[in-house]
Structures are given as structure tokens and as C-alpha cells.
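Same chain, two partners: subunit A is paired with subunit B first, then with subunit C.
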Partner chain A sequence: MIPEQFGRVGVLLMFALLFPAIPLIASYAFYRFRIRPEHHDPIKDATYECGVESEGSAWGQFHARYYLFALGFVIFDVEVVFLYPWAVVHGGLGFTALFEAVLFIGILALGLGYAWRRRALEWR
Partner chain B sequence: MMRSAWLDPVREPTRRLSPQVLAPLAVLLVAFLALNVAIAVLIVSGRLDGHWYDFRDLGNAVQALREWLDDRTADQPGWLSDLLGDHWLSYIVTALIGAIGILSFVGVVLLVLIWVERRLIGRIQVRRGPNRVGPFGLLQPFADAIKLIQKETLIPRGADRFMFYLPPVLVFIPGLLVWAPVPWAPHMSYLDINVGVLYLIAISSLSTLAIFMAGWSSNNHYALLGAMRTVAMMISYEIPLSIALLSVVLFTGSMQLSEIVQWQADHNMWLGVLMPLALFTFFFSSTAELNRTPNDIAEAESEIVAGFHTEYSGMKFGLFYAVELGNAVAVAAFVGTFFLGGWSLFGLEEWVPPYLVFALKIAAGYFVLVWLRGTLPRFRLDQLMMFAWKYLIPISLLQVILVAFERSIFEHWDVPGVIPLALFTIVNAVFAVRIVRFWARFLGYRPERETLLAPTLTRSVGGLQAAQRMRTVR
Partner chain C sequence: MESTGIVLGFWLLSGVTVASALLVFLSRNLLHAVLALVLSFLGMAGLFVTLSADFIAVAQVLIYAGAISVLLVFAVMLTPLASRDNANSLFVLPGVLIGAAFAGIVGFVAIDVDWPELTGKAVLGRDFTTTVQGIGSALLDPYVLAFEIASVLLLSALVGAIVLVREDEPA
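Now for the complex of A and B:
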């Protein structure tokens, strides 16, 4: 049963949401009871950039190299996850399974080699 | 003697303790020793074994409570019993107890370790660290919290206000949930699921999302740059991290954390000794996931102010800071669980409560993390990405193949387990050293062609020697 196995995660999740909420609410209460200050002015609310006025919004285009690495991550992480079930049962299987797994890792390495060759792993 | 006292500003002035202080301390020491002898007698006589008051494993007490509750609430149908099985009440009660236990452990550890980390880094950098608030500065974390909670909450004008508030709360979810599957003692584990390793990998990668939300919603160039760097680094180092854990799973044949520790206890063998390369890969990738030095490019203060939390101030910054520390402790716990034998210590866990052994291992791992932070400089982003993709991933894939072979041999070779394990330890150590050297040369590292740069600045300015000279002049 899934709720029986993972129900405890839900209980802990509840605590994980409550725990950081307490200091934030306390901070707000301090403001309500006028213990801490809250005086805004345009300079204070400006985007921080070491004293220089910020040029334009940060929500613009970004360099494509991050995208390449994200693609690589998707491929490799999924394939590593495929290897986990094999790793669990591997001890009980024979040498044929070992050979096949090595083949799979070989294909993985081949993909890595291809990405390397196409200079997709260069940070430029 | 005088010289060292002058040159070493770290040393606190020593005070002689008065007899009024010493006498109660001596009484306490004697009482403590007597208590230990009494406990040893209790353990030897075997009166503790399996009872609920067997404090060597708090799981026993919880199990007794669970049985007591089950006797009283058996066979009560309802939607809760449909959902959680017949023993729903004991299930919920034990879950609440465990959650409060984990939460209080993490909270106390955070308060203590903020102080420990700052003091240790102070010592490493030859200064004193916080020592004004309370004895030895012990109350410094409370002072920090009070200061942070009183700060004005600043939100930049251009920011996405809703998204700006979420990340400090969201980042706590992985920070706390990763503690669930940790085995503290043989029967003391909050969530003993059979996919523990996968659960860990899945949960720990959630923090990437919160960090990117923080960086994006700030609408600040530095923050977005820091967030992008973090995401790039975290996803890159997640692959070597999962491959390192893959070799652990391969050899123990289980993804259940308690079984991994049990395997190490049964074979009297730490997996970190058996496969040092996997230990190194895991540890290094974890420091990248943590954004700690040597891999703290996400918040490189000399380059991009504070990275993704540039715009965060007050308590929201405090939450980020706390989670970062908590994650460091969690990494120490997982290094202890996977590679250093968890709660087992070659039979000592029969005498000392296993959770204390485990806490000791956490403390040791955390000390290494602080040590790294105090000594190593920061890597460049491109160096880090290269290191993950071109170095760690290929060599850890090779390591996985080697470990798979060893596992097959271990299974099919009819000799006592000690012989193959000793053999594999040697083979793996030799392999680790050879492959590290070979792959470095393959990538173009030629140590014999490097010319050593003399530390001219240190030498000409003088460092400690200059300080010594100053003293003789005085």
C-alpha cells in the first residue's frame, strides 16, 4: 500500500512547511507590534547592484550553454536511474546479465564520447 | 612558551579554576563514571535485551508503544484504516513522534553547529571567532536569530512578490525530508522504505527548484546569474553522485538504507574502504550540491555578491543560511551511512548506543566539510563543469563496471567472504590511484612540465617570521 509506506513523508512534509513558517510569522508579528521598522523609500527598494543603477530587467535571454548541459543531464540521469533496478538484482544473476549491463554502460559512454567529440561539453 | 602565546592569537587566556568550581565538577565526574559502570553491568547481565527500556535502540520503545496502542484499537474500520491499514492509530502516533524527533534533532544541531562552524573557521583562519555573547560565544546563534528577525523585510521593486516569498519555505522541504530514511540504529529508522537511495536522489534534487525560483524572482542580474550557475552545477554533479551510489547499491544488493548499513556491519567492512573512488566522488559531488567551498560558485561573494540570495535579507536570508548548514549535516550523515558503516563500529555498537556512534560519524563528516571550507580556494565555473563531465563521470562509470565484476565474483566464489573483500579492497585502491592519474594525463595534465611558483609575496612580506622579528624589536 502506497499510503502506508509513504504516509510518514506526508507527516514530515507538514512539519517541513510549518517549521520555516514560524520565524517568518514571528517577523511579521514584530512588524505588527512595531518592534521592527518598516520604512520604504525608492532607493531602498531598488534592485541591488553594488550602488550602480540596474539596467533593465534580468528576465531576458540567457546563454545557450546552460541549455546544452541541461540536455546532457536529462539523458544521463534517466539512464543512470535505469541502472538502479539492475544493480539491486545483479548479485543473483549470472555473468550474462553482467555482460548486458556492461553493454548498456558502453552505450552510455558512447553517448558521452559523442557529446565530447561534438564539443558539447566545452564551457564557452 | 612566551613566543607561542604571542604569535598565536587564537589561544584564549587560560584561567585557573577555583576549588569552589572544581569540587562539584569532580563529584559530577565520579557520578558519571559510576553511572557508566552501572550501565555496563546492566548490559553484561543481559537484562536489557529486547525490552522497551533498552536505550541502546530507541526503536524498541517505539515498538512497545505501537503494540500497546494496537491492543487497544484493533479492528476499528473507517476511512483511516482503509488508507493506512488496521493499525492506523499507532501508525500516526509513531509518525508524529518520529517527525518531532527529526525536527528537534535538526533544530538543535543547527543552533549548535552555527556556533561550531564559525568558531572552527575562526581557528583555521587564525582568529578567535565569535566569543562575546555568553560563555565562549555559545549564545551567538540566538543573538543572530534575534537580529535577523528584527530586520526590515526588503523586496526589490521589480521582483515577483509571490515567488519571492516562496523559496525560503520551499527550500526547507528537501532539507528536512532527506532525513527521513536515515537509519539511526538497527530498529530506529523513520521511513525504512526499500527504495531509500532513489528517494534520496529524488528529494535532494528538489532544492534546485527552490534556488532557481529565488534567483529568478529577485529580478536581479547577480541573483539570476547565481541561480543559473547553481542549476548548471547541481544537475551536472547529480550524475556522478548517482553513479557513486550505484556502486554502493551494486555491492550491497539493496536500496534500503538500513540494509546497506547492516551489510557493512555483517561483513565488518566499510564501503568507503572497499571503494575509495566512490567515496571521493560522492563527497565531492555532495559539496557541489551543497554550494559549499570549494564549489561555492553559486554564491561567490567576490564575483556575484551573494548569488541567488543577493536580494534576500532578514529572516528570509536566515532560513537559507540554516538550510545550507542543515544540508551539510545531512551530507555528513549520508557519507556516514553509505560509506562509513552507519551505526556500526565493529562490535562497539553493542555497548555504546548505536545512534551515538552514528552521531559521532556525522560530527566527523561535518568537521571535514568545515575544514575544506576553511582551507580550499574556490574553483572556476568552467573548471567545475569540466571536472564533472570529463573526469568524474567517465571514471565513475569505469568504477561501476569494475564493482559489477567484483560483485559477480563475490557471489559465485566459494570462499569465506573475508578473502574476496580484502582482495577487492586492494584492487579498488590500486584502481582508484591508477585511474585518477591516467585520466588526468589523458586530459592533458603534465606535472613534470609544470614549474613551481614560489610564494614570493608571502616570503617578501614575511608572515610569521616578520611577526617574530617585530617581537624581538619590541
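Now for the complex of A and C:
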């Protein structure tokens, strides 16, 4: 039963990857068979249709301050890995399991509180 | 023999994994190499599923495809533009040697080990088993102390990161 569920996920994944490719392939095919014209225009080629005009390249060097947010994400991501097996079994284990997870999250919440207190979550 | 779906999935996933791993060092753009590496991680997660190691697959997606790749992308985006091409370096020859040695060891083990073959009922029973339940109950009952200490470890990592970055701030 479980491999079928993973198989379904795999089929959905393949469909999800193919689906956005369909308009790209169709557009290219229409261009190849001369169904659609190809006229470039600076406004047509702009990355965003509306909003603030983008300036410069997106390939520039980003501010090193972002790194703290990346580290924070990594730490809470690892927390999720520990909570995942807990989430699968906690239903059968009752109140102790709940307490253990609350303690686990509580210890990490201390860290979040510390980050907040040290104003590490602010952009300065 | 396993079911055809798993065999098909295995070949598809290993194709994706190997192709994207090739892209990692064939790509001239370092960021494209990182993105191909993420795809390779995801293919590996799928391979873990075909080995009925579902918890490792989830951990692979969350840790490697999630956390490690975020760190890699940040490391690339934070470096100056000039040093961002996936250029050849002096490490090509040692890299090839180490890779060949590793492939030799793994290949030797794969050929040398007498892999047990399951037949009949055993296949149906052992074709696919989930591991998450076992890991979950082990984490919550006998190893609960390790479970809680892991959160203390993560807390110290978070506090350490903040202290390193923000050492000039008053508390």
C-alpha cells in the first residue's frame, strides 16, 4: 500500500514537471512552424509586466546579512526532521509524547526568543 | 523480483540523479551547478524511497534539498561575481583519483557481498516497509533524552550563529 502511495506521488511529480513545460514547448513549436511571429520589443522582453522596474542584473552580490536568516532556516529545518517521526507515532502514545514534543519545541523557542531579544530578526 | 513499478522508478530516478550529477561539473555557471546538485539530491531521495528507507528519503529532502542547498545558494550569491564561474582548478586530478578509488571500493563491495535473494512470501512481506514508525517510537520512548538533547544542540547552534554575527550589539 505504501509503495503505491509513493508511486502516486511520483506520477503527480512527473505531471507537475511536464505541465509547465507544455506552454514552452507549444510556444517553440508554433515558432518553428511559423504559426506565431517573433518580434522582439524591449517592453515585451521585460522580466516583469508591471510593478517597479528592475534595475541591473539579478546576478549581483547579495548582502552578507542574509546569511543569518539562512542559518536560522537551516536550524528550524533540522527541527522539522526530528518532529516528523514524532508526528507519525504520537497519536498512539498519548500525553507523554505531546509533552516531549512541547519540551523539544520549547527549548528551540528559547533560541527564537533569544534571537528576537538580540534583535537578530531585524534588518539593520 | 520486485514489482515493475519500483524497478521503473529506480531506473528513472537513477537516470535523473546521474544526469544532474554530471551537470554539476559540466555546467560553467556555478549557480546552475548548485541547482543541478539540488536535483541530484532529490533524485537520491527518490532512490531511498525505492530502498524502503522512507525516513531517510524525507530527511534527504529536508536536509540536503532544503537546508544544504539553501546554504550553497547563499554561499554563491554572497560571493563577488568575479569568482562565480565553475572553472577548472588544480583539484581536478586529485578529484578524479579519489572518485575512481571510491567507485572502485563501492563496486568491489557490491560485487563481493553475497546479496540474499528473497523469494515467494518473503518478497511480499519485505517488498516495502516503512521505517518512520519505528524511528518515532524509538525517539519517544528509549531515546527521549537524545531527542531532547538534539534540541539543545540546535539551540546552541542558533545562539552561536547570533553571537558570531551580532557580537557588537548590546544585549
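FYI, the second predicted complex is superposed on the first by the 77 of 124 C-alpha atoms of A that agree within 3 Å, B and C clash if a C-alpha of one lies under 4 Å from a C-alpha of the other, contacts with A are read in each partner's own complex, and residues count from 1 in each chain.
Everything below uses one rule, namely that contacts are C-beta pairs under 8 Å (C-beta built on N, C-alpha and C of every residue); 3 or more make two chains touch, one makes a residue touch a chain.
Just so it is clear, the structure is predicted and the values come from calculations on it, not from any experiment.
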Which superposed partner A:Trp59 touches (first subunit B, second subunit C, both, neither): both
First (subunit B), second (subunit C), both or neither touched by A:Val80: both
More subunit A residues in contact [subunit B versus subunit C]: B
Partner chain in contact with A:Gly72 - subunit B first, subunit C second, else both or neither: both
Touched partner set for A:Gly91, first subunit B, second subunit C, both or neither: first
A:Glu100 touches, of subunit B and subunit C: first, second, both or neither? second
Partner chain(s) touched by A:Arg36 [first = subunit B, second = subunit C, both, neither]: first
First, second, both or neither for A:Phe6, with subunit B first and subunit C second: both
Touching partner for A:Lys44 - first (subunit B), second (subunit C), both, neither: first
Contact residues of subunit A, present in both the subunit B and the subunit C interface: 3-4, 6-7, 59, 62, 66, 70, 72-73, 77, 80-81, 84, 87-90, 105, 108, 112
Partner subunit B, residues of subunit A touching it in the complex: 1, 3-9, 11-17, 19-21, 23-24, 26-27, 30-31, 35-39, 42, 44-50, 54, 57-59, 62, 66, 69-70, 72-73, 76-77, 80-81, 83-84, 87-92, 94-95, 98, 101-102, 105, 108-109, 112, 116, 121, 123
Partner subunit A, residues of subunit B touching it in the complex: 83-85, 91-92, 95-96, 98-100, 102-103, 107, 145, 149-158, 168-169, 172-173, 175-177, 179-180, 190-191, 193, 197-198, 216, 218-224, 228, 231-232, 235-236, 238-239, 242-243, 246, 249-250, 253-255, 305, 310-311, 314-316, 318-319, 381-382, 385-386, 389-390, 393-394, 397, 400-401, 404-405, 407-408, 410-411
Subunit A contact footprint on subunit C (complex, rising order): 3, 5-6, 9, 31, 46, 49, 52, 54-55, 58-59, 62-63, 66-67, 70-71, 74, 77-81, 84, 127-130, 132-133, 135-137, 139-141, 144, 147-148, 150-152, 154-155, 157-159, 161-162, 165-166, 169, 171
Subunit A residues within the subunit C interface of the complex: 2-4, 6-7, 10, 59-64, 66-68, 70-75, 77-82, 84-90, 93, 96-97, 100, 103-105, 107-108, 110-112, 114-115, 117-120
